[in-house]
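Pasting the structures in now, so scroll down.
Note that chain A is present in both complexes that follow, paired respectively with chain B and with chain C.
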Partner chain A sequence: MGKKLLIHNDHVPGIHTLDVYRAHGGYASVEKALKTMTPDQVTDEVKKSGLRGRGGAGFPTGLKWSFLAKPEGVARYLVCNADESEPGTFKDRYLMEKIPHALIEGMITSSYALGAKKSYIYIRGEYFYVARILEAALAEAYAAGFLGENILGSGFSHDCYVQVGAGAYICGEETALIESLEGKRGNPRIKPPFPAVQGVWACPTVVNNVETIAAVVPIVNEGGEAYAKIGVGKSTGTKLISASGHINKPGVYEIELGITVEDFIFSDEYCGGIKGGRKLKAVVAGGSSVPILPAELILRTAKGEPRLMTYESLGDGGFITGTMLGSGGFIVMDETTSIVKNLWNFTRFYHHESCGQCSPCREGTGWMEKILNKILAGKGNLSDVDLLWDIQSKIEGKTICPLGEAAAWPVAAAIRHFRAEFEEYVKNPSSIKDVKHYYRLNNLVEA
Partner chain B sequence: MGAQIHGTQKFNKEERNKIHFTMAALEEIQAIMKRYPEGKHKSGVIPILHIAQAENNGWLSAEVMDYVASLMKIEPIEVFEVASFYSMFNLKPVGKCILEVCRTSSCWLMGAEDVVRHIEKKLNIKDGETTKDGMFTLKTVECLGSCGTAPMLQCGASYHENLTIEKVDSLIDKYKSEGKGRYYTDRDYHNTL
Partner chain C sequence: MPKVTIDGHEIEVPKGTTILQAARMIGPHVAPPAMCFYTKLKTSGGYCRTCIVKVTKGSAQNPNPMPKPVASCRTEVMDGMEVQNNTSPDLLEARKGVVEFLLINHPLDCPICDQAGECHLQDLGYQNGSEKTRYEFKRREFEKIDIGKYVSLHMTRCIMCFRCVKVADQITDKRVHGVLHRGDAAEISTYIENVIENDFSGNVIDVCPVGALTDRTFRFKSRVWYTKPMEAHRKCDHAKCNGKVRLWFKGEDVLRVTARKDQWGEAEEFICNTCRFEKKRKSDWIIEGPSPISHHSVISTNHYMSLNMAKVEILKHQKALGFIPMKKLDLE
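Here is the complex of A and B:
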């Protein structure tokens, strides 16, 4: 069994309540930080830990914190990104629902380090019931004196609020999230200025993912160096992986970074192998945005080394033969899966979720969906595959926010690794199951 | 002054004057606006629209949005531009229970299309439509973060996961016999994580 730092107590009855959470060592990081450490010492421990943003980008958290501008007399804010909308990702929901105090404790300790007197947990609207769980936990924390004025007599005061969204994938992008928190449409901002200088209400703001903030708790409790000893190289600590798709044991697993992908998919400790004894065909390792890899490349790198669950190993080979750890949304597909249909599903998602600000993304995602519709309705040409490739290459890098890349990468990877499947659908439309279904789903007129 | 709503909605001043939210809802709305720094209460528009939608049978009419704007002391367009951006806000009438079936990624891999087709057949409606008795609306939605318990559907605050055709049938029967409206803001919820 690997070491667990975040959800090791998820099976304890009543762990969502403050009393049980406290009985299992909860809120120790608040006491330690506020009573024995300066804010900069807390930040230093986070830097030493090597913790990287767990929302998907993997940016070093301590470094992000150190960018926060601290002008005199201007309020600073910590905002938790609990928008979790990346298809294949449900770890934050699990953590907040099972152990809400783990996030709240992290919010208090992190806010102390940042000098933020107020913080907001921006949670996607669909998780309304999870927001209720967090609100109940916040009320308990206030009653116990962990929130409010002069916490534990330290002189540090802090208020934390839950803010619900209303259904928009784009609000997981930090500047769109900030716009939404300000009560606006979730249109990403042009950077710079970065949120660390001008975030919510034009004040310096740090936006961190739920899991990132929760990881600050064990880092403060046990020290950044102890945390950094777990993992491999620059992939330190533990990571929550949301495992779904054609596996025997879907669910949220906390892994030590550095286990092999093969172990994660096939061992009984984790996914327990492919459902029904079928063969593994492909994996999307870090949420729908990251490049899909065929079985042979997800299990081993192009150099033939075992692929590890780390930022570096999953990225080995770049996008030609590698992928990304991303948010840890690990979607497994068996041999019966149609890669073209799966791509159509992803592309429809990005078309639906494009905010519409940038033309390459607004128009390009729609064009890609239409072309895939056409192929799946048995009306494709070989040139359509090249056209798809061309469109995705003209979205990537040409938009304000990374939704453009998120929409382009899955298309590029599917064609790169599974071009023969696209060509088979074009050359032999009778091999497509359920053609009429795609006609109807997409309101095409049957010829 | 009415909300300048384009498209499907018309504004009716008499209807607007008839709108009354419950005292509990009005109190919650005032409390929400206090969560933000002085002068930044516009930040509350999304949580407040959720309350408004639950107060108005699950949808936001032009009159309700205008009323929200007056409660918040912001311009009607500031409410409408938000309401029209986010997928959880309904700008036309809906059934008492909206069956929101996740159609993305893992749910799709695990059979979401079969769930959708079954509901369409059982209730004799298509995606986006409402049953004649006003009880159910079917809506396919994008990833709801329930990928490990796919396929799934959301109704109001509740998540119904690891769906089978039998589970869908018994859920529909249960909701039909109870006959009440279900909203995201409901404090009683069900989930199976």
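Here is the complex of A and C:
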């Protein structure tokens, strides 16, 4: 069994209540940090731990914190990004639903390190019931004196608020999240200025993922060095993986970074192998926006080394033969899966979720969906595959926020690794099952 | 003061200048096209992505190139920065892609569009577009919304530059104009189809780079290239309007009143609705003289430069022309 730091107590009855959480060592990091450490010491521990952002980009958290501007007399904010909307990712929901106090504890400790007197948990609209769980937990924390004025007699005061979004994928982008939090339309801001300089209410702000903030708790409790001992190289600690797809045991798993992908998919401790004993076809390793990899490349790198569940190993080979750990949305597909249909589904999602601010994403995502519609309705040409490739290359890197890339990467990877499948659909439309279904959806292609 | 090199031209600019502004200072041959940036509107720019440039050297301190093309209208220059615009084939290809994206859902109804002839999208498509479209699907359409007696909104033509939204936010005093929905269903609208009624609402027409917002009092009266622009002014009572405008004549009739525009197509000063929509008699105005119109513009085919400007142009190029004009130059 790998070491678990975040969800080791998830099976304990009543762990969502403060009393049970306290009985299992909860809020020790708040006591330790506020009573025995300075804010800079907390930041140093996070730096030593090598913790990297768990939301998808994998940016070192300690470094992000050190970028926070600290002008005199200006408030600073910590914002927790709980707008977990990446298809295939559901780890934050699990954590907040089961152990809400783990997040709140992390919020208090992190805010202490950053000198933030106020923090927000921005949670997606679809997680309305989770917001209620968090609010109940916040009320308990206030009653126990972990939030409010002069926490534990340390002189540090802190207020934490839960803000529910209205259900837009784009609001998971940190600047769109801030806009939405301020009550505006959730459009990404143009950077610079970065949130570390001008974030919420034009004040310096740190935006971190739920899991990142929760990971601060074990780092403070056990020390950054102990945390850094887990994992391989620059991928330290544990990571929550949302496993879904054609596997025997889908669910949220906490892994030590550095186990092999093969182990994760096939061992009984984790996914338990492919459903029905079928063959593995492809894996989307980090949420829908990261490049899909065929079985041979996800299990082994192009060099023939076993692929590990780390930022570096999954990224080995760039996007030609590699992918990304991303947010940890691990989607497994067996041999019965149609990659084209899967891509159509992803592309439809990005088309629907584009905010409409900048031209390449607004127009390009819809165009790609229409071409895939056309191919799936049995009306495609070989040139459509090339056109798709060209469109994705013209979206990637030209947009305000990473949604453009998120929409372009899956298209690029599907064509790169599974071009034959597209060509089969074009040359032999009768091989497409349920054409009628796509035909109906596809009122844009003329008969 | 930071020094920046754009397409091989070095220029020293005040701190805080954007790449686009620096390029415009060098001249139109290096300035990237801009569809959404508007000098007079704060926070405008960054949306259309036509002004993207390649930064091959970040600054003297950090000489690394920037990994992606950047929006030149929203990126400030750094000392020692090196930028490629027209000299980078990759970048021109990327811009061509952006132009294609802007055009795939544009109705291309130029023959019946009042903006034709002074449309920035036409210019952009001419300079950076392809001959043929690769888009074979039905183009996007919107329900027509009536936004009042002065301004006509034709959402189907909109390229979502957000300039009019910024005007509503910053120039008019009561905002009833904004964006509904998202993605490619996003549309400019007045909130629950309110009529925009305030003294400066007409300026949304001038800032619109395409024919999405046009002057209802000028609707279908004439093609712009059959009208003659003249600079004129009147004493305007409005505190924020100085009454300096451009009149568009057909014969002796004033068909249209707009703000005066500079060489980048931006209004020099915003004007009030009274000047724009209510003063359509020649006697309302004191005429100053013909407006300067670039000879690249289709409007100039029917027109001329002001005499003084022509003189300046000729004197500037006298060496190249190979003759020395007389001091009393006559344009006959």
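We adopt the following convention: the second predicted complex is superposed on the first by the 444 of 447 C-alpha atoms of A that agree within 3 Å, B and C clash if a C-alpha of one lies under 4 Å from a C-alpha of the other, contacts with A are read in each partner's own complex, and residues count from 1 in each chain.
Criterion: contacts are C-beta pairs under 8 Å (C-beta built on N, C-alpha and C of every residue); 3 or more make two chains touch, one makes a residue touch a chain.
On a predicted model such as this, the values are computed, not experimentally measured, just so you know.
Of the two partner chains placed around the shared chain by superposition, neither chain B nor chain C is touched by A:Y425. Once the two complexes are laid over each other on the shared chain, residue contacts for A:T365 go to chain C alone; chain B is not touched. A simple residue count on chain A separates chain B from chain C, and the partner touching more is B.
With both structures placed on the common chain, the touch criterion links A:L387 to chain C but leaves chain B unconnected.
Looking at the shared chain after the overlay, A:R185 reaches both chain B and chain C.
When the shared chain is aligned, chain C comes close enough to touch A:G397, but chain B does not.
By the touch criterion defined above, A:Y112 reaches neither chain B nor chain C.
In the superposition on chain A, A:F128 makes contact with chain B only, while chain C stays out of contact range.
Contact with neither chain B nor chain C is seen for A:F264 once the two complexes are overlaid on the shared chain. Residues 168, 185, 352-353, 355 of chain A are contacted both by chain B in one complex and by chain C in the other. Those residues of chain C lying in contact with chain A across their complex are 45-50, 52, 67-69, 71, 74, 94, 97-98, 100-102, 104-105, 134-135, 137-138, 159-160, 162, 179, 181-186.
The touching residues of chain B, counted against chain A in their complex, run 35-37, 40, 42-47, 49-50, 78, 81-82, 85-89, 103-106, 108-110, 113, 141-150, 154, 157-159, 184-185, 187, 189, 191, 193.
Within the complex, the chain A residues that touch chain C are 168, 170, 185, 190, 351-360, 362-367, 370, 387, 390-391, 393-394, 397-400, 444-445. Note for the complex: chain A touches chain B at residues 75, 84-90, 92-94, 97-98, 118, 124-129, 132, 161, 163-169, 180-186, 201, 242-246, 250-252, 288, 329, 331, 333, 337, 342, 345-346, 349, 352-353, 355, 437.
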